[in-house]
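Report on the following structure.
Naming follows writing order (A, B, C, D and E), and every chain is counted from residue 1.
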Amino acid sequence: MNLVAQALLGGTVFALAGAVGAALTGPRVRAVVAGVSTSVCGAGGLLAGIALVDGQTYSATVPGLLPLGTAAVAGDALSGVFVALVGAVAVIAGIYSIGYTSPGSPLDHGPGSGAGSRTVQAVLPLFVTTMVWVPIAGNVTTFLVLWELMALTSLVLVLAEHRARPQVRTAAAWYASMTHAGFVAILLALVLFSSQVGGDSFAALRVGAAELPTTLRSLIFLLALVGFGSKAGIVPLHVWLPRAHPEAPSHVSALMSAAMVTLGLYGILRVGFDLLGGGQRWWWVLVLAAGAVSALYGVLQASVAVDLKRLLGYSTTENMGLIFMGVGAAGIFAADGDRPLATLLLAASVLHAINHTGFKTLLFLGAGSVLRSTGLRNLDSLGGLVSRMPITTALFGVGALAAAALPPGNGFVSEWLLLQGLIHSLPAAGSPSVLIAVAMPLAVGVVALTAGLGVATFVKAFGVGFLARPRSMAAGNAIESPVSMRAAMALAATGCAALAIVPAIVGPTLNRVAATFPTVCDGAPLQGGVTLQLTRIAGSMSPLLILCGLFAAALVIVVTLRIAGRGLPRRKALVWGCGGTRLDPRMEYTATSFAEPLTRVFDDVLAPEQDIDVTHHAESRYLIESVQYRQKVADRVEVALYPPLLGAATGWGRLAGRMQNGSVHRYLAFGLVGLIIVLVVVGVTS
Amino acid sequence: MTPGAMAGVLLQVVLLIAVAPYVVGVMRQVRARLEGRAGAGIGQPWRDLRKQLAKEAISPEGSSWVFTAAPVVLLASTLVIAAVGPFISTASPLDRVADLFAVVALLLLGTVALALAGLDTGTAFGGMGASREITVAALAEPTILLVGFALSARVDSSNLAAIVDRIQDNPAQVLSPASVLAAVALAVVVVAEAGRLPVDNPSTHLELTMIHEAMVLEYSGRDLATIELAAALRLTVLLGLWANLFLPWGVATSASPSALGIGAAVFVGKVAILAVALATAEVFMAKLRLFRVPELLAGSFLFGVLAVSSSFFLA
Amino acid sequence: MRSLFRKILTTGRVAQPAPARASDQAADPGVLRGSVQIRHVDAGSCNGCELEIASAFGPVYDAERYGARLVASPRHADVLLVTGPVTRNMEDPLRKAFEATPAPKRVVAVGDCAHNCGVFAGGYGVVGTVGDIVPVDVEIRGCPPEPDVIVAALRDLTGR
Amino acid sequence: MSNGLYVQLLYLAVGGLLLSSVLVLWRRELSAIVRLLIVQGTLMAVVALLLAIERDSIELVVVAAEVVALKALLIPGILRRVLRDSAEARETEPLINVTASILTAAVLTLVAYGISRPLVRLAPSIETQAVPVGFAMVLIGFFVLVTRRRALSQIVGFLLLDNGIATTAFLLTGGVPGVVELAVSLDVLLIVLVLQVLAARVRLTFGGTDIDELRDLHD
Amino acid sequence: MIPALTTGSGAADAVLVVAPLLAPLAAAATAAVLRWRLATGLVTIGAAGIILATGITAATRTVDGTALTIGNWLRVDALTALMLIVIGAVGIIATCAGLGHLEGELERGHIDDTGAHLYSVLVPLFLAAMVLAVLANNLGLLWAAIEATTIVTAFLVGHRRTRAALEATWKYVIICSVGIALAYLGTVLVHYAAQQAGVAEHGSLDWTQLSAHAEDLDPGVMRLAFALLVLGFGTKAGLVPLHSWLPDAHSQAPAPVSALMSGVLLPVAVYALLRYRVIAIASISPEFVRALLLTIALASLLLAASLLITQRDYKRLLAYSSIEHMALVIIGVAIGTRLAIAAALLHIVGHGISKATLFCGAGEILSRTGTTSIAEVRGLLTRAPVLGGAFALGLAALLGLPPFSLFFSEVGLVRAGLTAGLGWAMAVMLVLLLMVFVAIAVKASGMLFGEPATQPRPTVRTLAALPFATAAPIIAGLGVVAMLGIVDWPLGPLLHSASLIAGTP
């Protein structure tokens, strides 16, 4: 048993023990038991992942498990990255959950309910366990079981606060349905694959893939894309994501949005690049297009969202869209034979996935911290937390900076890499194909617009949510979160910072991942320590030096100002309200008003529903008593696609229901007609 | 990093800081003259800065460290750009630190810092300015990156010095369709980013039409000085970048003192010409309604796309 | 556009030449040397003074050439240019505007009303002169004061 | 018995079976329908007896006796009791009227001929030639179940169907093995008994035995 | 073809064959004499236990391919053993739940002493009939046993003697009798074909004989026969077109009876088809067998999915879900490969146990809330955590979520189907299953989660904790289904040898 196995199994044993322990203990102990076991399980995963990336392998077959199939595990560097990611998030989320779920928060709705309930606490380590194992699965059956177990455990966790809000139920129903739809697609894809090559293990699939006919390979890939895309929150299969992530307890949101969603990417990489070994160009054009639509749509919705966690959920769709764009472009270039460029784009995608995991964890935990102490997710009611929850604010700021893809945040590095990949699609000699000449500029445009709107989104989230003065009593009475939550967020922020400043630390990892796809990638994509240097392409950037430059400049400025200011003190004064009465927090800009210009610019896409109610004074209609303004931005893709589908299904159901009208004569008539039809068919076909 | 090169970088930064307020002064003076007025002289921005530095700084109640830090971040990010860009020399040792995209991102960082400060004041104007500024910046972003794409695709590098060098080597490229289209697109964006007409009116007193001014309404004294210097510097940097990307002649290709001297002189000249041109153009323009601005930016985006396409198809 | 261009060319400079300045009467402008940002506060004026202030900053008198500039916020201002008798409703805003202005700051009371409430003295809505509310540094008399006078006073402040 | 007479008698009996099934569709009086059932039971016994004579099979004689006992005596007796307990003497308007029903029966008979071709083809003989009649009885019985509303009529429909199967069995193989035959007969009897009890409950609960009125359970 | 079987018939084996039949008969006799009381209930549970125990013992004896026979009439092989285990396991759950159910019904006056007596006699008889069906080697006997289940359960379905129960019973008896009569016609035709093929007179309905000589049977007759058998036994299995009795009967029958009907009666009918399929594929074209079964199964699945969408009654919901699962099992039978048969059998086991627990749970919900309307049951998890949790887990099992064994049987089915080249059928099946999933998940989320908004109707019993006698078997049942999903060893070999009997390679 090597290190990988030891770490994984050790973590799993801890998690199972933690699950049992959490089920048996009281609320206060339970929170610690569940949190610690989750963290330990995550640490096991992290360790195993690092060992896998480091070149260790782990494969085993366990006889006697899983009826009608075998349990098999096989880990490589690709597994390693994702195991490590999941593990890292789990470590943080576990620590965080200790404080988040311990009794005494405003979210506590009484014993046995919410995130601190027995079931939820017991399932938390199990959820992490399944996620840790998913990338290690070595054959189709094992993968499917773990995948569905992951969905089931996460569903239980999403339902944690079902007593508090009816929306939780709706969200869970959406989540369950969409994730199951995705599972069906994955099931068909993988089982079709394995039944056609005549083997269940991934190794067998890899070997057998080459002999499959092209149409079959395409079918498998499309099904896998649908399945994994729905897990990754790709438009139009994203509808569950902005519902489920906000309604889950925040550490669960973090686990789902940062870790679980990333496993959708794992699936695409595993099936598309590894098992199918690359494939047709049009597959990847499709991936690129889906990614582009997701990125744009996700960020647009995020930029106008007022629910902080919903905003983060849409931001997940956006970032997964960017990642899929990178993967799609990598696939296109691989199919065209430009493997070094494919390698770069793939590395950019994986790096962005890593970065996204980092900052999304931090952001969801930050949002959870706010939620726990104010009970609010609505940005329009928040504000002023910077003085009341300074640490949460600062740490959320780190995450927001990263999510906005601004230097010196870590999100910037991977977006930069992605842009480099896309920009260098022009071959050094000869003219590019029409597809690339059309697709790549559009892709750059999409990435750029996404980046711009992403900035708007996170300025809104941070600026409206945390700065200025509180817009509600609850926000005004906020208190800083417990130490475990702060520690967890600080851990996540440290991770983000490390990735931001020296992205080169993950360079070897990316190179190893690239090496797992010999048919797609070629060579090591990037090198360099302080300065990020691309291998084939003349592109370089040094996040560390930029940060140093910023610090140095800031230092110079501050010192100069001190000297020039001749020690004049800074004075606090009332906000300038044009001489009027003291400014009320109600006069502050809200998230809705902040996003109003964007809503207007993109109203063709967003189709906001606005509603203004003017109540006139009883005595004169020239006097206005109150004006009510409501704006709702529905998810237009959802509205366009799903209600008709559900309506058609319901209509069909009603129709079918009318068939069963209770008359036994009719029932018997079904039988007689059926009998005659069958007998006639039997007679005719003989 | 040789001392000579270091000196070059330092010279560039100092030169930019020194020149920046004059650029604003020149523009104001040109406008004043065209409006039939005498004008305050091109040194007026420097006088304003000097005075504001000596004044008291006020923080509104309820604001936080974000409010005080924002001017510093704004100026610092601009200074970094001033240090790494190929304004007077392409032989800068810092060129590898940040490429075109990083420069764009740093500009955006400054915008974001100020927008956050605007929100932090808690006034309606602050929020309004922040919202509008961010909207404009978000919509300008695609054009900038597309122009970057068009420029860097030809040289297979997004490093600014490489682009400038390459164009210097092949002057014919200046008049290539891609280059012209990109120049037009970037010009629009420079105007938008610098907060000039027709996107924003830097001298407006009407809060409802303000973008940049609304965000900084609460700043005073040295904070205000920092912001104004940064704004001037951003304008200068943008003009300088535009000039050197499309008309790169005169940029030093080595770090020798004479080359640097010529580079500095040429740079000042180019920026002065552009400032005069921009100010002249502004006289003929009215400010666009806020919700017409996206149309303008969409137009520039189109130019950007055309630039990229032509660099693909006509290269 | 062409017509506008022609207009610019034919009109030329309309600003009157800068009159000589009686330098002896001016105190040292101190920090404000060469640059004065002005926030105008109408504390209850009949708008006569406003007309004159507007023309002081117009092309003909062009106060801006001496380094004076109107700004949008008292935070940006060094000088409050207060006109009119201080009415009941403007008393508090005036105080707030003064409070909001960063030191060192000056208050310039423009017009007779600012000095002694003029014809409005004793009116039920009038609280008092500007000096009753905020410390006044410079007074510009006249009803309304001519732009020349306003410009001269501002030149004293900037020292140009 | 001469072969010719056997054939004639057999076909006569079989024809009578088909006729009695069709007549069930025609008659409205429930008592008449029960009488038709007795006739049919008797005819089936005749068929069994004819087969017994033809094949010299004692077993078939026993079967014939059992058929008479069960289908001509016992079950009609039960039905009579059902009839007596209820005040309903006539079938209400059937779901498909009598004319259409009889035409349908004709079509069903044709269908039965069509679908039983493989049976005849496998072992063409005097008996198997008549098998389509058994199938036709099955289908007509099923049709009665579908269109006749009274509880009693439904029981009769089921019995017609069952008779059809039994007739088919006689004609094809001279009946199924004894034990199975016994079990089948017992089952039929029990079902009729169960249905009788249920019909009584339906009458008590719903105040009538129009089964089509029972529509509380639906989707 | 059938693999070479060794046949054992020692005295101990004879006991093994007869014991599961005699035990419930003895229990019925006891009940007839003692009338309803706790002891009667315990004896019935004991009988179910004996069925399970003999099933397990028989499994260990037959797992190597041995078949135990008594004459030509009774026969136990791996397939039978598996069915005995299902009958026993579901029987235990149902009879345990029956204790509480009868007490409750008596308490509330829904039934009288006679009713309880009838119930306690009929339930073991029902078990006995099903045991006989799976033990029968003679196809006529198999038919008669299945027909007997209709007779026995008629009064169980109508046990409450309400209008609705009576209506359901009438429909149940009429439709099932007609259906099973068709199966009898099919049996007669098989007999005819066997006679013509020269299979010995007394053995012409023996499955052993028929399956050995299947190739000699006339395909024309067998096609007709098999079609009739599919329709006939399909009626008892709740398949289209004569499925309509099922939702009515399942929703009106007492919960333990519903559990038995859904958990084992339907599979026993499928079992009959499984036996006939062995004969059919050898005598007629396998494509025909597959097409017929697949058509009927997919039609049933479509029907179940369609009617689940707008379902308003949770007991009917469970009933339609039974149609759905039987359709899945029939799809497995249609595919017919060994993997498919193993999956279908595993599905029968998993479905039987989990559906039994769900019906028992539904019975408890009904007795506590007084309504079967989905819309009127709210916040179950909050009001009754154990019951709600068990119901939720049962539904999860039913929806084919891991770690419950139905997940694996469904995956196995898909794998077998795709390997057999039935991609389109599998796609259709999965889409319909998705519809089912969404429909049930949405309805279940309404019942289970949230804060109960309004106070429940006044009922006899409050939503207190479950009685141990009801809770224990439900939880144990779910545990077993989960265990079967995680580990392979208890059932794996048995499934394998059963699939050797019924499956084509």
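The rule is short, and it goes like this: a residue touches a chain if its C-beta (ideal position, glycine included) is under 8 Å from a C-beta of that chain, and two chains touch if they have at least 3 such contacts.
Note that this is a predicted model, so its numbers are computed, not measured.
> What chains, if any, are shared contacts of chain D and chain E?
Neighbours common to chain D and chain E are A.
> If I average the CA coordinates per chain, which chain comes out farthest from chain B?
D
> Can you identify the chain nearest the overall CA centroid, using each chain's own CA centroid?
Ranked by how close its C-alpha centre lies to the overall one, first comes A.
> From the centre of chain A, which chain's CA centre is farthest?
D
> Tell me which of A-D and A-B has more C-beta pairs in contact.
Between A-D and A-B, the larger count of C-beta pairs in contact belongs to A-B.
> For chain B versus chain C, what separation do you get between their C-alpha means, in angstrom?
33
> Just how far, in Å, is the C-alpha centre of chain E from the one of chain B?
Taking the mean C-alpha position of each chain, the two centres sit 77 Å apart.
> Per the centroid of Cα atoms for each chain, what is the distance between chain C and chain E, given in Å?
Computed from C-alpha means, the inter-chain centre distance equals 97 Å.
> Report the inter-chain centroid distance for chain B and chain D in whole angstrom, where each centroid is the mean of the CA atoms.
99
> Quick check: what residues of chain B touch more than one other chain, meaning two or more?
Expected reply: 54-58, 217-218, 221.
> Check each residue of chain D and list the ones that touch at least two other chains.
115, 117-118, 142, 145, 154, 211, 214-217, 219
> Hey, what residues on chain C touch two or more of the other chains?
73, 75, 100, 102
> Between which chains does touch occur?
A-B, A-C, A-D, A-E, B-C, D-E
> Can you list the chain C residues touching chain B in their complex?
It comes out as residues 1, 4-5, 8, 11-15, 18, 31-35, 37, 59, 62, 64-67, 69-73, 75-76, 78, 100-104.
> Sort out for me which residues of chain E touch chain D in the complex.
That would be residues 138, 140-141, 143-144, 147-148, 150-151, 154-155, 158, 161, 163-164, 166-171, 173-174, 177-178, 181-182, 184-185, 187-189, 191-193, 195-196, 201-202, 204-205, 218, 220-221, 223-224, 247-248, 251-252, 307, 310-311, 316 of chain E.
> Mind pulling up the chain E residues that touch chain A in the complex?
Residues 167, 170-171, 174-175, 178-179, 182, 219-220, 223-224, 227-228, 230-231, 235, 240-242, 244-245, 247, 288, 292, 303, 306-310, 339, 342-343, 346, 379, 381-382, 385, 389, 396, 399, 401-403, 405, 407-409, 411-412, 414-415, 418-419, 423, 426-427, 430-431, 433-435, 437-439, 441-442, 445-446, 449-451, 484-489, 491-492, 495 of chain E touch chain A in their complex.
> Which chain C residues qualify as touching chain A in the complex?
Within the complex, chain C touches chain A at residues 41, 73-75, 90, 92-94, 96-97, 99-100, 102.
> Taking the complex as given, what residues does chain A use to touch chain D?
Result: residues 656-665, 668-669, 671-672, 675-676, 679-680, 682-683, 686 of chain A touch chain D.
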